[in-house]
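Following this message is one structure expressed as structure tokens.
Per-chain numbering from 1; labels A, B, C, D, E and F assigned in written order.
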Amino acid sequence: MARFVLSLHTPPSDHDTTQRIVKFANACLAQGHTIDAIFLYQQGIYHASTHFDLSSDELQISALWQQLADQKLNLMLCVTAAQKRGLDIKNTGVFKVAGLAEFAMLASDADKWVQFK
Amino acid sequence: MINVLVMSQCSPFDDLNIRDALDMTLIFAAVDQNVSWLFSGPAVLALKKHQQPNNIGLKDFFKNIKTLEIYDVENIFVCEKSLLDYGLNKHDLLIEAKALNFSQQQTLIKAQQHVVNL
Amino acid sequence: MSTLHIFSKPLNYYSANQLENLILSGDKVLLVGDACFAKKQFRQFADTLLILEQDAQVRAIKLADNDKAISYEDFMALTLSTNQSITW
Amino acid sequence: MARFVLSLHTPPSDHDTTQRIVKFANACLAQGHTIDAIFLYQQGIYHASTHFDLSSDELQISALWQQLADQKLNLMLCVTAAQKRGLDIKNTGVFKVAGLAEFAMLASDADKWVQFK
Amino acid sequence: MSTLHIFSKPLNYYSANQLENLILSGDKVLLVGDACFAKKQFRQFADTLLILEQDAQVRAIKLADNDKAISYEDFMALTLSTNQSITW
Amino acid sequence: MINVLVMSQCSPFDDLNIRDALDMTLIFAAVDQNVSWLFSGPAVLALKKHQQPNNIGLKDFFKNIKTLEIYDVENIFVCEKSLLDYGLNKHDLLIEAKALNFSQQQTLIKAQQHVVNL
């Protein structure tokens, strides 16, 4: 069984990329592989906002991440990327504030790093 | 009444660009301005029929594009060359749109007070 | 030694001149998202294009004989069977 | 004297575009022209965050907007763009939450609309 | 009837094929931001390129005889002296 | 120790892309991996000397790029063709960087465990 890290670089308004990383993560888990982290970087950090207000026919961003968190997936965001972009790092929902070094160590130990953007 | 042109050049699911352009077009119509919407490059694919984004959880904004007719937004234009590039003809499109060559696009631009690129 | 090249947008979003020099004949080219609309443009990079089936389907894209529709499980397996992936 | 509206479409991490719209706005005001609105749309809405944490050698995003607000400039953001992108619309600092129609009416009356992105 | 065309990035960020058909000889082409690096690429669109002086200066860009450096006041005046502006 | 390649293709002041790539490169060096950074397209301009973004209030990240040498990050590569495209030669660059032709870039890519495009 392989170990993955996934990184997300696009903002939550990119619904298409969002559904893709979530489906990819679910496929990994379904096949018994390990995902050591999903890491929000660049504009991806805005996914950790707790203030989405989406109508019911829209992709439900927060619910998708919650569903991955419920499976004990390690959801991280880059703190310096967030601070520069105005994200409230005290309220990041299911995402854990982390340093870039933490992710780099996980990526170094992983078999595969797949970028989504 | 002023002439406003909304230009779209992004692919259909590139962020919310097409939907932002749709909102902008509808709102200028709602405040009684003479609004036009020009699709070029991969944006012409936003007018392609039979797409079903709801199958992967995405909003079906093609339904909303169809409402342009209901709201009497009639100045919908597509770049003729871009249709060709993506192998589309007028029958493949969701709504009625006038195909413009480059010289007609120039004329359209020159007639505007405001041009916004979304 | 093959590389997986992942594209999510039509070709005009990328610097094409550079791509044709960095994609080798043994490499895999995967189209996801809006890149599925632009199969013809990407054909120059690989005889067989891999296409994420769900993304192509919702976009009403007809696949040609030399297109290979793949599932998310296949996508994941591809990242394991290639040496490295590049998301352009 | 002319009447302008300006719209900003890039996120606050695009410091270069940010300095440009601010300098353009100041040039308009210095020449005695009127700016009826600066409007945040698309990724631009993130400029209305109140959570920036930027080191002192960075472009000071919030201070720049404050300086324009002090000159009584009408700073607006699109509420639906903000809701979809997870901005906290109850805390938008010097920016006023507005509908797209409000901006469209101002743009219709303005001599010039200049987009920044 | 002239249009102001504003670019902030090098040409590969845009669909060039379309641009050359939409910029007319009487139009004004203004380079700001990182577009200033790419004067050579934009020369095809206008004999005289307008260049936002501050943006060119911080990028250590030398101006040619047929470049016209402009201030923010000039930029603003340009939007008034042309019929419409397009920020590409 | 694994091989990680950071690829930059954005122009210097396009959002924070170059700075994000710099952070990524420095952090992989800090956690003792064999990291390389490849600049191509307009990203080669991020290595151009004498730029002074602080004159318009922007952070002078070129100073930070120079620290790569201090942190012993030595695998800095530029696309030879892109240097040509932007009229730069090696003397115009802030730091020492090896110019690679396309075949050398292919070899570099094939040697990596991870490739990240920022």
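In this text, contacts are C-beta pairs under 8 Å (C-beta built on N, C-alpha and C of every residue); 3 or more make two chains touch, one makes a residue touch a chain.
Please read these numbers as outputs of a predicted model, since none were measured by experiment.
Chains that touch both chain C and chain D: A, B, F. Averaging Cα atoms per chain gives one point for each, and the point farthest from that of chain D is the centre of C. Taken over every residue number at the interface, the positions common to chain A and chain D amount to over half, indicating a same-residue contact. The pair of chains sharing the greatest count of C-beta contacts is A-D. Look at where the CA atoms of chain B average out and do the same for chain F: the two points lie 39 Å apart.
Mean C-alpha position of chain A lies 29 Å from that of chain D. With each centre defined as the average position of its C-alpha atoms, the distance from chain A to chain F rounds to 26 Å. Chain geometry summary: the mean Cα position of chain A and that of chain B are 32 Å apart.
Chain contacts: chain A has residues 11, 13, 16, 23, 42-43, 58, 84, 112-113, 115, 117 touching two or more partner chains. Multi-chain contact residues, meaning those touching two or more other chains, occur in chain F at positions 13-16, 41, 56, 58, 114, 117.
Residue positions of chain E with contacts to 2 or more other chains are 12, 15, 33-34, 54-55, 85, 87.
Of all possible chain pairs, those that touch are A-B, A-C, A-D, A-F, B-C, B-D, B-E, C-F, D-E, D-F, E-F. Touching chain A in their complex are the following residues of chain C: 6, 8, 32-34, 52, 54-55, 71-73, 75-76, 79-80, 85, 87. Across the complex, chain F is touched by residues 10-11, 13-16, 19, 23, 55, 57-60 of chain D. Those residues of chain D that touch chain B in the complex are listed here as 7, 9, 41-43, 80-81, 84, 100-101, 104-105, 107-108, 112-113, 115, 117. Residues 11-13, 42-43, 46-47, 49-54, 58, 61, 83-89 of chain D touch chain A in their complex. The touching residues of chain F, when paired with chain A in their complex, are 2, 4, 15-17, 20, 23-24, 27-28, 30-31, 33, 114, 116-118.
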